[in-house]
Amino acid sequence: MLKAKLLCSCTDRTGIVSALTAFVAEYAGNIIDLDQHSEEDTGRFFMRLVWDISSSRLGKEEIPGAIALVAKKFDDMRWALSFGDEAARVAIFCSKTRHCLYDLLLRKQLGEMGNCEIAAVISNHENLRNVTEHFGVQFYHVPVAEADRGEAEQRQREILRANNVDLVVLARYMRILSPEFTADYENRVINIHHSFLPAFVGANPYAQARQRGVKIIGATAHYVTPALDQGPIIAQDVMHVSHRDAVADLVRKGRDVERQVLSKAVRLHLARRILVDGNRTIVFE
Amino acid sequence: MLKAKLLCSCTDRTGIVSALTAFVAEYAGNIIDLDQHSEEDTGRFFMRLVWDISSSRLGKEEIPGAIALVAKKFDDMRWALSFGDEAARVAIFCSKTRHCLYDLLLRKQLGEMGNCEIAAVISNHENLRNVTEHFGVQFYHVPVAEADRGEAEQRQREILRANNVDLVVLARYMRILSPEFTADYENRVINIHHSFLPAFVGANPYAQARQRGVKIIGATAHYVTPALDQGPIIAQDVMHVSHRDAVADLVRKGRDVERQVLSKAVRLHLARRILVDGNRTIVFE
Amino acid sequence: MLKAKLLCSCTDRTGIVSALTAFVAEYAGNIIDLDQHSEEDTGRFFMRLVWDISSSRLGKEEIPGAIALVAKKFDDMRWALSFGDEAARVAIFCSKTRHCLYDLLLRKQLGEMGNCEIAAVISNHENLRNVTEHFGVQFYHVPVAEADRGEAEQRQREILRANNVDLVVLARYMRILSPEFTADYENRVINIHHSFLPAFVGANPYAQARQRGVKIIGATAHYVTPALDQGPIIAQDVMHVSHRDAVADLVRKGRDVERQVLSKAVRLHLARRILVDGNRTIVFE
Amino acid sequence: MLKAKLLCSCTDRTGIVSALTAFVAEYAGNIIDLDQHSEEDTGRFFMRLVWDISSSRLGKEEIPGAIALVAKKFDDMRWALSFGDEAARVAIFCSKTRHCLYDLLLRKQLGEMGNCEIAAVISNHENLRNVTEHFGVQFYHVPVAEADRGEAEQRQREILRANNVDLVVLARYMRILSPEFTADYENRVINIHHSFLPAFVGANPYAQARQRGVKIIGATAHYVTPALDQGPIIAQDVMHVSHRDAVADLVRKGRDVERQVLSKAVRLHLARRILVDGNRTIVFE
């Protein structure tokens, strides 16, 4: 079975589902999964369509053009098409912290991340080269000078281009990307914020949490936008804490929830389950 | 906006989604929500389709016939259609225990249960008449003699028929229904089992749980079938427990999870989000 | 078995546990539960001690004096003593919203709230009189004029005094209490905030949550202090949400988590499981 | 600060806490954490006592004898003492499956497992040597012949003795240990069962779960006893699943919950937070 996956969104009107599913039925194969959602308050239409193209009358290369023809009927439709035999190419950015990097590399090895390739790990430190290479992945050390971030970003972009990278995952990468970078990679950079946003924005959230005496801590995975920590939220989760948890315990619990949330967000992205609408996500889990 | 909701299942083949959505687009209105799922291992097709019929070219009464025509194309299709302006009629069976009854009646009053009417509360005891009438619902006392369950069931069926009841909810009802009753109300009787099935089947699960020293207790809502506690599971949830929880604490925690799970199952049923396939449910949440 | 419960806190030093438990062993009975915690970073000592006084050599009325003698050895010790046969007297403040009121009254009736008496329900509206009286509790209607809050508070205080109220529970009470009121009832007023503090402080958190696209909503129970929504947090919990949840669904999920969190906080308070230290709570669950 | 940790249990009577804390106060230092619990239904007493011995009047080597003297007063007291500067020595048994092994080795490296040493990894296969050595841990390949398990166990025991191992962790080890082995290592072998016990005992629980249509899957960590999968439960957790989860998804979710539950159980054991009483555990979290 070879799957095609279509994500699309537009202003809602009658006939969108019918037009797309009729096209699939007539030319392109058998539908496996369809999730569709129209929002009454915003008038927006969202759909995820997965079908088996192994019995398609169209060649794989003809399908995008055909989808484009159907999409033309609906003025403002934005759509993205992918095929199950095309592995997404992922780059992981990290600094010194290792738990998220290990988690992503191990899950990839266990076959949990779907059809993808970890094309590169890029770090501003050397210390995780050994971890990266243990999993057979190419490691790039790109130091980032405080004074001239631009030079580092230029090098990072070269690596991304050379490796045909589709998705950048910030696995506790401690440097801020420029607005130009995040604009060019719109909805293709996923970050893990070690807090339950919008609470405790900014540095050292666990110390803040301990001081405020909260009973829950969390983590948030989001697409990166030029506005720091304000991008569309993909996934969040929490853990219960108590007065017995010292800051070190909060950090440990935080690591667990960060791993879970980041890997979930990446898996959802790679499975083409996320649509971005303004500053929100529609996640067809 | 007036919504039509269609649930259907059949053997999977090409063109089902297209045929149904084309019908809706051409005659019957604008699709609001569509969830479709095909299972590779069983070859089964499941779909939930919700559309706005306020601009339909067909009268409401013409729609079922039209759906039947489309369904005919797919040999073994089973389908059920409902409209948003038709309130489901619910009967609650209970015994002496009150927490689930209160929960359902309160949620109905708060508008959380969708478009439904609690048509009757039927109990084999008198003690919850006051609770029922506080919420303005009709209470029926139907004693159940150990020796002759049949007479009580006959009386219960009369009440259900007289009130045009679509769904029976067993809110900690402590008597067993006959196979004839559950067969006649197939997939229309929901029970809450005060345990995380399939663990601790049978009586007094909390004492069993305490004795085994488990760290989690749970509850299970399921459709009732002639095989006791073996019907299709709709919803389950759990709570963490510890050695500090005496049996009374387990009972309290159990009440909380029972309420949550039972009301969720009823809400999902009333929102037409559940398809039954053999002994499993497909729940389009 | 008759239980005494002692909560105490002070600057940590050697010998505190020993002094108190030696007193209990020698004069006052058998220890049932002891939780003690010293914080390395703050140097604070916290303890909860529960013992069976049925075989005590001291009369119940002599125990406080004896505890005071032991406590004198530790300069800044604050302590509170209670006995299992003394029912705490609770007043519930509410406005028009009913789910938290129902939940507390029902849990009291089910025996889940420990040894307490709901002495009064006080509301600035008439609509929940019927609910209150259904549970056999006295209802007081105290309108609150925008212009003169003071007069209403005077009337509320009279009712609290007349009923010997120990604990005030704000069950979605929509008016703000004066700093004088909250100072006089320090650590004896529990509020439920319909948000996961410190996110979404202020009005209409569910609409804020929907707009921000968060994947989790929560609720926070806290002691009320003059600083709005800033008092010591007692309990928090969350529920997962998705794009499919309209604001009405968020409100429903919010109700569920509010009920759970508020009743948990009240139960912990009544079981003498909470110590307040500055703006944080130590909760011996 | 150097900590001593005492776990003890016996038949409850007056004066136990006082006797032990008086000893600590007089000779041995300042109490940091004390958890005590007496069970009304069984009449059993359980306590965990942690104190700082840096100012103790007794030498570290004198403390066990002194504790023994105090314990003598209470006929059937069982107790275990440990010191914070003594690293527990852990051996991990595994087969071909890697996720639990990675998790434990990584958590040790991150400092999350307290004061312990992973002294050996023992496997009946060669394939995880590379993973083990990546973390700088000694790997032993001990094949297990179907016909003669005894020979393998003899070799395993030699390795455990040579490495002074205190705790054996079965990280998805697929062979059954002999009753003699588990008896000799009573309460010192922790296993992860890939199911929410007591549901789905036995092989292939995820396929069983999918077939039964459950909405939750779980995992259980327990001490190993001669009765297969029946030993005292230490920790359990669950994850929600739906019809959309194929068996491969259940396996992935199962891995996540297995990791969490196993590492939690090991951490609790190493922190001396677990008392075993018959077939149940008392866990002072």
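Order of writing sets the labels: A, B, C and D. Residues in every chain begin at 1.
As a working rule, a contact is a pair of C-beta atoms (placed from the backbone, for glycine too) under 8 Å apart; a residue touches a chain by one contact, two chains touch by 3 or more.
Everything numeric in this text was worked out from a predicted model, so none of it was measured.
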Any chain that touches subunit D and subunit A: B, C
Copies subunit D and subunit C - interface residue numbers shared by over half, same or different: same
Most widely separated chain from subunit B, with each centre as the mean of CA atoms: D
Cα-centroid distance, subunit A relative to subunit B, in whole angstrom: 36
Centre-to-centre distance between subunit C and subunit A (centres being mean Cα positions), rounded to whole Å: 42
Subunit D, residues touching no fewer than two other chains: 37, 40, 244, 285
Contact set on subunit A toward subunit D in their complex: 98-99, 102, 106, 110, 112, 134, 244, 252, 255-256, 260, 285
Partner subunit B, residues of subunit D touching it in the complex: 37, 39-41, 46, 196-200, 212-216, 218, 232-238, 242-244, 246, 279-283, 285
List of subunit A residues in touch with subunit B within their complex: 1, 12-19, 21-22, 24-26, 29-38, 40, 47, 55
